[in-house]
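What follows is subunit A paired twice: with subunit B in the first complex and subunit C in the second.
Let's turn to the complex of A and B:
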């Protein structure tokens, strides 16, 4: 008798738990939130390598000092367990956390403000399903005076416009979806848009390239010289989905973006983003004239290229599709800023690996057998051959990056 | 000048590798790791060849260095094909090799018993290269001072040739060291120094490679494979680069 009562209670308990879980705004919303979290690559800053998902702890080096991604698991003390949807909505759309303190721009609320309330609700629903992790993260490790959050009030006046994305009625749904993602959750501008002296986006130069932590996030507008103007929509999709197209292979921070985020986007979203990016006006600034092949720097650079680079990138910079990036007519190569080029030559680099292209080929480091002047001449040659044209690289630039990067 | 087989290190290498294989099998743990996902990568990860900067002797005393230079200068004399072994840096090459892992035969089994062995068994000496030079050069110096009242390096070229030929043929008995072993060791090392990459101290300015038309440490010939019946005259390339890398003008 007692046994059957217990059994009945247990069944009832089970049923009510099931009913709660099945209280479905829910499965669908949570799954949509999960996808949106991938789309926004929240894990990039909120999941430490080897750490619990979304428990924070990823250091973000900014020009002003170090910030650390917060714990956004539903832990009540150290995470966002006591936040309401309204609190979350406010953090996303205004950059103000529960308790009323301002978030730093490393949390890209200047982009997330475009996210719709419905998407924020889905994201929040997903975050609520995570395993709560009790882990105190000191997010603000900036030096004085940047560590004073009140200063962000003034920063916001200068750099922040609040408001959800407003669709452009002159454009179709696909374009608007792409614009919504690029400007909002995908926060492409966080890396790819040039910054002013206080770290705000120069919105008149949206996605026109920017150097982040010693990497160049290149121009991704339709600029045919430095941007992706020569890439077709399909080639852009290949790059974002597989990490490689016939021109280039994602490397450095973009390799992470592809691995953790864009390789998992839906085909429709990839197409929307590619369509939108392709539509962005490439600035008409005339590319510089290439250096003459007889320039002594070019002559020396050519010898180095033939001896050290042509084995993979091939004699005329054509590369091998899907394996070794093409250097001829490559946006990154033609960019005015050679930071990424210097960096990969000195330190080497590994491409992103995706399901479609699982190899993740890597380029070896040449810091040990190329001097600063060698690297400068080599890159000057690469940047001014096979249709490329970009300012020459100086040995001093190489020396500076070498001393900053070399462990 | 010299026709015997190359020094027979192969037996020791074989034994060493067998021992290693047995060790690995016994421990059940290979040096390799299982790699999952993508291959590991870290920036600035490279393993450059071990080299020593020039401008000094690492192993030889000044007298030993003079003696070795006097030998390599006669083994590879300057002629219309190339500079001499001395000018090509063979002595510096040998000095740096002796200072490194080669000098102690670090990779070889060098415990006894040491027996004479047959010629087919190759090098059976108990002496590692450093000992061969230290003892051998001391013995050569003693022999030269006893028979010519001068150090080897102070003797005229023809006399040095005679002495070297005598050592090679086993006709000169050095006090306390096998003269033939000394000769064979220096000859082998001199050839290595003359033809090795210049980063190791010899083959200065890639002189031997230029002499032979050897294009050096090149990686890729795809741009050339279809250029038939054409003399390419590719300039030689060292691990450290080539003169054409320098900015001129």
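Let's turn to the complex of A and C:
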């Protein structure tokens, strides 16, 4: 134990000096940078569908307006071709771009600040090898007053703590590697940590679930009711690597994360991340009592479930492993916030596909043949059956999301 | 003028079962494969969404999954003295379209042919003597045998996850399975389907009569299954929207639910959809395929050069493409010479319908391959001495799901409309069942495929002409087998039975079966067959033509299992033999 801690400190500490960035054209450095770009899923925001790699242009809808992923190819005029490693390091660790202007939090520098200087150097070395793409991207499409970057100075004061990840000497190297990735490059908290009114992370509720773009990024702490407390380390690895485990199958934004990022992580990194996540304490709050089966909402919901849902999700919500998610004891189902559930019932969803699990099954849309009240009753039934317990869903919540989903 | 594309290792025509399997096997071999499909890309998630897939009007009545006759039609006649006319609506059979092909809307019944079927002519001659052979029949051996076929059948079963119960495992007869099947090397990948009431009653009656009923081998799966490519399927829900529909539950095996999700991820695979191959191009000698020419939906023609050409479209289009491309000599029934178009066969569909007073079959429950069958009267499983015919049929009860527009069983004599029709419909809907007998179709000299001299498609190419009528042999067989079925039906105690053996001339209007076979058949003799036992064209060694077009005659079984096995067989020959020594794998 002690030996592995020292090793962890040596690895993280030793490489953190920018001075040791080494040869920026070295194959090993560039290849490590490529892997780090996958780990961080940089392409999610910086590679537009069908576009050139890392040439930017992916719109990111925030509660404050639209931001667009920047061109980070080494084009001198429109990309980061004239940046130095120090410029890049500052963007990652301080959220300040070349020229001294502040980046918005959609570029998750509040997490990337944890990334070591050595990893930033490798990332930068890799980005320098890309084909320079001349493409002007207007990243800041926010309305007034949010488009004034000066406001970010105050935002940072409230929401940002600069600094590389500091290993916990009481934990082993694997745990520390997991913590380093989750808190840093993998920026899990960007989606999974609740936000305050100005969009900053509520750090006391790290990874306890958050709604992004109408999707619930669920609690991924050890909470056994709303979180992944019942999942084993191996089941968590299966989910991240293959997109599915015996409980669930990734869909929505997480399907993209799996396809583009976590399915390509090394087994060691998957294990480290799973080990770290499993170590996070769940909320101590007691789960609510389920609604009575005789409740009229439950009776109505059950009839709809049997007609519309039981063909795939099966009679008692068991689902089919790798194909149709298990609804009984599912974190998403038991979460206080039903956003994702409403969303997938109304709009349908396509699961992620990976080489290990290429099926990519789908959930059909029911917006066209279930009324708001039907969806609410159905979800109320699902959320309070087979051991599940969660607040009932109101028709008004469905109506709200339905109108938001209208193109 | 066709625009020439960069060369590929392999071009595959059609992405149904055969094309998808072969493309997957050859990309595994590291070859760069492009597949050209005349229809759209189909995908369960998008096209067979469970909220919209169960639409009888759309899929069963309006035949949305079938190729539009405006794109590919055929002309039909019963014999050479008639002038063929084009089919403007599909009736007798349902050719598919798009990725998955007819494998999307198939029923899912997945028999293997019997060991004797592959050497039918030799077998019958040895057993009954040449003199016993009806003069009209032009039966042929396949040039392969059970030992060669079995591993490929097993490969197909594993890819598709077939549900069933083995009747013969490595030569040991198994209780509860089909004792007449050839020895299997392994049990079915998934357990047999649960049986609804109708098949259960049939099996009880058959057992009392001394027969050995078994669960029909089904490509609708009984349980969740992940195939060797990592693709997962779910258990069948008996929803009844099955034959003629795409499956919304990921339960019916088809190329799109078993092969394509893995294949499409490969960087050495490209699919070109909504593009129709006009012809296979040959070099000047006519002995080497140089690629294909296809036309896209804008009318632009493209030339795709390739080292290897695999033709794996539906039977009709396989044969038509060979005729249009000048591969092999067109068959001429007058002189009994030529091979392309020879030995076209069909399936002889018979049934016995039963009306009960005291039964409720919940006829809406079902699936295309859910059911129980017996094989006592199939092929040569019964002694044909003195019967005056050969062949037989698979007898079974497979309730496919009685959808409300198409399924209105009423006893003979019921008016077709009005209050009497309504009351009879109400009485009969839940209490009617039928026993089917999907029987053999044997080749005769006058049944064949050729190019139509009059009718052309939108691109100016002649349509395929089908010349077909039921051989006397098959009509006698139909009479005999249907009588055996009627005995079982009577034993089940219905109020009334209606026997429907195939009679008279082939009629292209009522649906009978999409099991059209032959026309570019396998064999040992290049003068009477088109491909060798590896599905390699005799005249053009870098051309493989795979599908039911290779069957020299059709036994009393559904063809798809054998199409799948032949696809694996051809792919295996290419991988293990052809690539090492490109050239003819069997000396002509």
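Details
Criterion: the second predicted complex is superposed on the first by the 382 of 407 C-alpha atoms of A that agree within 3 Å, B and C clash if a C-alpha of one lies under 4 Å from a C-alpha of the other, contacts with A are read in each partner's own complex, and residues count from 1 in each chain.
Following the convention adopted for this analysis, contacts are C-beta pairs under 8 Å (C-beta built on N, C-alpha and C of every residue); 3 or more make two chains touch, one makes a residue touch a chain.
This is a predicted model, so every value here is computed, not measured.
After overlaying the two complexes on the shared chain, residue contacts for A:323 are found with subunit C alone; subunit B is out of touch.
Once the two complexes are laid over each other on the shared chain, residue contacts for A:407 go to subunit B alone; subunit C is not touched. In the superposition on chain A, contact of A:311 is made with both subunit B and subunit C.
More residues of subunit A lie in contact with B than with the other chain of the pair subunit B and subunit C.
Of the two partner chains placed by the overlay, subunit B and subunit C both lie in contact with A:358. Contacts of A:342 after superposition on the shared chain: neither subunit B nor subunit C is touched. By the document's definition of touching, neither partner reaches A:257: not subunit B, not subunit C.
In the superposition on chain A, no contact is made by A:36 with either subunit B or subunit C.
Of the two partner chains placed around the shared chain by superposition, subunit B is the only one that A:303 touches, whereas subunit C remains out of contact.
Shared-chain residue A:350: touches subunit B and subunit C both. Judged by the document's definition of touching, subunit A residues 311, 348, 350, 353, 358-360, 362, 364-365, 368-369 lie at the interface with subunit B and also at the interface with subunit C.
Listed in rising order, the residues of subunit A touching subunit B in the complex are 296-297, 299-300, 303-304, 307, 310-311, 314-315, 346-350, 353, 358-360, 362, 364-365, 367-369, 373-374, 377, 405-407.
Of all the residues in subunit A, the ones that touch subunit C in their complex are 308, 311-312, 320-324, 348, 350, 353, 355-362, 364-366, 368-369. By the touch rule above, subunit C contacts subunit A in their complex via residues 44-46, 49-52, 224, 226, 229-235, 237, 239, 248-250, 261-262, 265.
Residues 37-39, 41, 43-46, 48, 218-220, 222-223, 237, 239-242, 244-249 of subunit B are the ones touching subunit A in the complex.
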